[in-house]
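Look at the two complexes coming up: chain A is in both, with chain B in one and chain C in the other.
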Partner chain A sequence: MRMPGCEQLESCIQCGTCSGVCPLSIYMSHTPRQVMALTRGDFKREVLHSHTIWLCASCYACTVECPQGIRITDIMYELKQRAISEGVYPRRFPIPVLAHEFNAMVQKHGRITELQLVIRMFLKTSWVAALANWRLGLDLLRTGRFSLLTERIKRRGDIARMLDAVDGTKGRS
Partner chain B sequence: MIANPGNQPEVRIGFYVCHCGHNIAGVVDCPAVAAYVAGLPGVVLSRDYKYMCSDPGQELLQQDVREHRLNRVIVASCSPLLHEHTFRQATAAAGLNPFLCHMVNLREHAAWVHTDRHAATEKAKALARAAVRRVTWHRALEVKRAPIHPQVLIVGGGIAGIHAALVLAEAGKEVFLVEREPSIGGHMARFDKTFPTLDCAACILTPKMSAVGTHPRITLWTYSEVTKVEGYVGNFTVTVTRKPRYVHEDRCTGCQECVAHCVYKEAKFRDEFNEGLGKRKPIYIPFPQATPQVTLIDPLVCLNFKKGVLTNRCKQTCVEACGDRQAIDFQQQEEYLQIKVGTILVTTGFQTFDVRRMPQYGYGTFPNVYTALEVERLVNASGPTGGEVLLRDGRRPGAIGIVHCVGSRDKKTNRWCSRVCCMYSLKLAHLLKEHSGAEVYNFYIDLRTPGKGYEEFYDKLNTEGVHFIRGRVGEVTDWAVTPEEEGKLVIRVEDTLAGFVRRIPVDMVVLSTGLEPRHDAQAVRRMFNMSCGTEGFFLERHPKLAPVSTFTDGVFIAGCCQGPRDIPDTVAQAGAAAAEALALIDRGYVEQEPNTAHVLDDCSGCKSCLPLCPYAAITIDPVSRKAVINEALCKGCGTCVASCPSGSIGQHLFEDDELLNEIAGVLAE
Partner chain C sequence: MKFSYFPGCSLKGLGRAYEESLLPVMAHLGVELEELDDWNCCGATAYMAVDEAKACVLAARNLALAERSGMSQILAPCAACYLVLNKTKHYFHDYPAMQQTIGRALGAVGLSYRGATAVRHPLDVLINDVGLEAVKQKVERPLSGLKVATYYGCQLVRPYATFDDAWNPTTMDRLLVALGATIVPFPLKTKCCGGSLTGTVPKAGIRMVYILHREARKRGADCIATVCPLCQFNLDAYHAAVNSRYGRVVVPTVYFTQLMGLAFGLPENRLGLNRAAVRFAWRPPAPVPASRPVAAPPLAPV
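== the complex of A and B ==
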């Protein structure tokens, strides 16, 4: 797969440093190195369906340590975007759902309201997880960390224009 | 427009454009260039030919010179660096003065740097036109010969310097070997065994070291540095600075009574030879087989000095112990020696990568992380533990991890492969397993074992039960997750062949450090007027065909100062460098390119050129009060020519009429 701006992927020597430094690699279906190999080898289906890209916490340890200077985290982001745009991300998987809802809320109100975001995420992923966390939610409400009102900024048109501009530069709608 | 020289017979130019296979003809239309040049004034003959440098090409040139009575030759082909000598020789063989031949570099200046065929051909025509105008003004010149001093200077007393010194001395040449450290031997003296034969490094090196020490034709200066180099091939003047050891080399017998009687009863200072794993006294011999067998005093820790300054506050028991020999001399000062040599061999070696630049491997934080060079000393019988593999806390390791490619193949540190680490890691794996019986893990990216018997050595290790895990180590940590990891160092790595991320607990980590240029390589490069590649290793004149020559005539390189290599390659290269030096010396003279500057009659004697000459070749004649240029010293740099306010200095091969006509030729339509 071609990764615009990440052409160094071609020079990957498959040394596995990315997997060795990744704090989450032990939980991944494919190690980051394997994702790089699959991406370079054009195994699109396997890569976009891999849980690895959704487990990446963007800590950038792999990018910092890569001896070939490959921007692995950026490639992970690119893969996530492709998975979303092709609709192949795992259903009811919290990370893409959260990202999607977060983005929609910012587009609409200019900022997020945590309570609503969390509720939407749980609605679209797992009610069981919501029940398991009821105590934490109650504490956050009691201490004023969760707002019951919708939070929004004043000049919402401006932020929409800014986001449009950012999307425009990347050639995406 | 400058007119044709009137005082010369008719100019008859022969022009040859070379296809150089596809190198030139692929981009430049060679027949068109030849046809164009044929119509230029003075050109009698113009040809294109596939390979001018081939024997038939050269014969064609000679035949044409004779048959067509040519008196100028132009070859439009590759760089003069490559074939100027060839075509000048061919011209001379045809009975013409070789300096009436001129080259146009169509390959590097037109074909290789352009893609547009038409534009490149036009450029080639312009360059040819310029050469036609220039060569008209060429004059016959004579090559001057200068004698060569038969003495050789070798800088650096590692295995490369030692081998080259012995080759040259055995051939009857006088050799000066200058070494910075108190003993020769270099890195090899610190190795335990050598791969793949597992020869003891000391056993094969020390006979050569003592041969150097006793050879009548080798002058060995240890604890010394070259500080100044002047002159040119065949005639260098070198200044060597000898640091004070505070012990007279000619009086000391190496009995080490002084060491035994030092006021420090216990050795307590960092022992450089053992990478700081052992201790030494202020007066010491670096290692048992050190050459010369002479002690030295470290003024930074000796009680008779304070911060290196003599105070005479110590009881000086060492002087007492030395007795009548009176070898110890606290008054010794730095000495400067000047020698004349004809050729120089630079064999200054390498330094190992500083592993502190990669903090994720924990060197300096975790005491049980070692560099490979430290482990060499650890497994050595004369090392700090007497060859027993003991950790810094005295424990025996049960599991050892060897991390390859530390400071190699990494864009953030050193990009190159250091060539020797794979093999020395395998060697250390074998030795560590043999000495301690521990489980040994190798963590590698690729195993590179190209060499005689190297792959067989790798095979042998596989059968010995050494573990090989393909994966570059992410980090070394003491953060235990499971009870088995408590008190151990954990190596986090992906086993890339299995596709699993693993945590491997070990007691000892060995970092296989890469090789890099010495920290002062740039200063050395400037002193000997050499070039460096992007990595900082000294640059050979040609990577394939002149691997031990440099761009400065008479200066040769060998060993790891030119790039990482193992001992067999280093010795082979040292032998090659010695042979190159011998070839020069035994010829007895050097031919000097006659591109020297010369003073014209209208010199006013203003002396402005005198301080500008980098070779001190210009003096003022006391009688005529005009500048005089010593042709033997002039290197043809042209600085004085450009700076002369009255334009009274000319330069052979670069005369004003030659250059101005060349420029006019490029600009003409």
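== the complex of A and C ==
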């Protein structure tokens, strides 16, 4: 797949350092090393449909450890962006849903109100998971850590105008 | 010493205690913070996952606002904000296409960015601008006997931090030692806390929290000190979830700024200590009454 940063993949020696330092590789259907190989080999479908890319928590451990200097975390981001733009991300998997709701909220208000964000994510994924967290929610309300008011900036129109001006342009390439 | 203060969404919500402790501590040290007017969300990891160019534009608006207000430095206490703002700066300088996109988007709302604003973290400022000697002079109630596991998490030191090491950061260790605390060896100091996975994929997220809790306990820590609102939230609020999956491990988790406030003798109720799910009950020993003069220990040569 052609993406910024992917020319770096040519130098990947498949050593597995990324998979070794990744705190989440044990939950991944394809480990980071495999994702790098699949991306380089143009196995687009396997990579973009996988849950693996969404499990990456962006901790950058692989990026600083890679002996070839490949910016693996950024490649994971590229793959997530591609999966979203091609509409092939797993629809009810909470991670892309959270990303989607997060962005919608930023575009509308300019800031995030965590309580509302979490409620939206649970509404679109699983009610059961929301119920399992009721005690945590109460705790956060009790300690005043959940804002009930919506956080927003003053010049909200600016956000829309800026993002409109970006529409359609790619960032680095 | 004056900074444009970029709190980010977390410090107004889940991480409120971080702001509550940071502001009085910085004021006590004479660091002036002026909140950036009309700042917006940095985009965190979520926006970057959807659209890279837009994510950078969102972050760049804050850099441009700071530049317009005549401030040369932004203070970003949240590790995610710190990373995203720095990443945007890197992309701005490294990729001409990105520079153009940012310039065009900012231009649409009458802003511009030249790329000068420095993005700093409080730890960086405390160690390199304020200095440990100045911090030491403010200590009224040393944290004697407190054993701390210093936890830096991931996004502060990887991949853009310039002030500390990505593998074995020590700035917080040195700071807390200056306050009189004891640092326990904590090899997981930069291991990821799970981020938002505690909410989205609990099976994975809760396990990551548990691993950190257990290690801190094993090392004999009385508490974990954090520099990031999401780390603090995960390590504090998911005790019950860890308990039901793996058994009982209790480790209070505090912001390093809360420990600074306690050591400086600032009023406890202004440090946000009441906001934690697992209360941090430890308090510094009462100061010895100054009845007999004690000779000051000689300063170590620098």
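The criterion applied here is as follows: the second predicted complex is superposed on the first by the 157 of 173 C-alpha atoms of A that agree within 3 Å, B and C clash if a C-alpha of one lies under 4 Å from a C-alpha of the other, contacts with A are read in each partner's own complex, and residues count from 1 in each chain.
By our rule, a residue touches a chain if its C-beta (ideal position, glycine included) is under 8 Å from a C-beta of that chain, and two chains touch if they have at least 3 such contacts.
Predicted model only: the values in this text are computed from it and were never measured.
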Superposition on chain A - do chain B and chain C clash or fit: fit
Touching partner for A:Ser25 - first (chain B), second (chain C), both, neither: first
Chain B versus chain C as contact partner of A:Pro94, first or second or both or neither: second
Larger contact residue set on chain A - chain B or chain C: C
Partner chain(s) touched by A:Arg33 [first = chain B, second = chain C, both, neither]: first
Touching partner for A:Leu140 - first (chain B), second (chain C), both, neither: second
Partner chain in contact with A:Gly16 - chain B first, chain C second, else both or neither: first
Chain B versus chain C as contact partner of A:Pro67, first or second or both or neither: first
Shortest span in Å between Cα atoms of chain B and of chain C, once chain A is used as the common reference: 8
Chain C-facing residues of chain A, complex: 4, 23-24, 27, 55, 57-61, 63-64, 71, 73, 77-78, 80-81, 84, 94-96, 98-100, 102-103, 106, 110-115, 118, 121, 129, 133, 135-136, 139-140, 143-147, 151, 153-155, 158-159, 161-166, 169-173
Residue ranges of chain B touching chain A (in the complex, touch as defined): 360, 405, 409-412, 445-446, 470-475, 492-496, 499-501
Footprint of chain B on chain A - complex, ascending: 13-17, 19-22, 25-26, 30-31, 33-34, 65, 67-69
Residue ranges of chain C touching chain A (in the complex, touch as defined): 9-10, 12-17, 38-41, 43-54, 56-58, 61, 91, 95, 97-98, 101, 104-109, 154-155, 158-159, 166-167, 190-192, 194-197, 199-204, 208, 233, 237-238, 240-241, 274-277
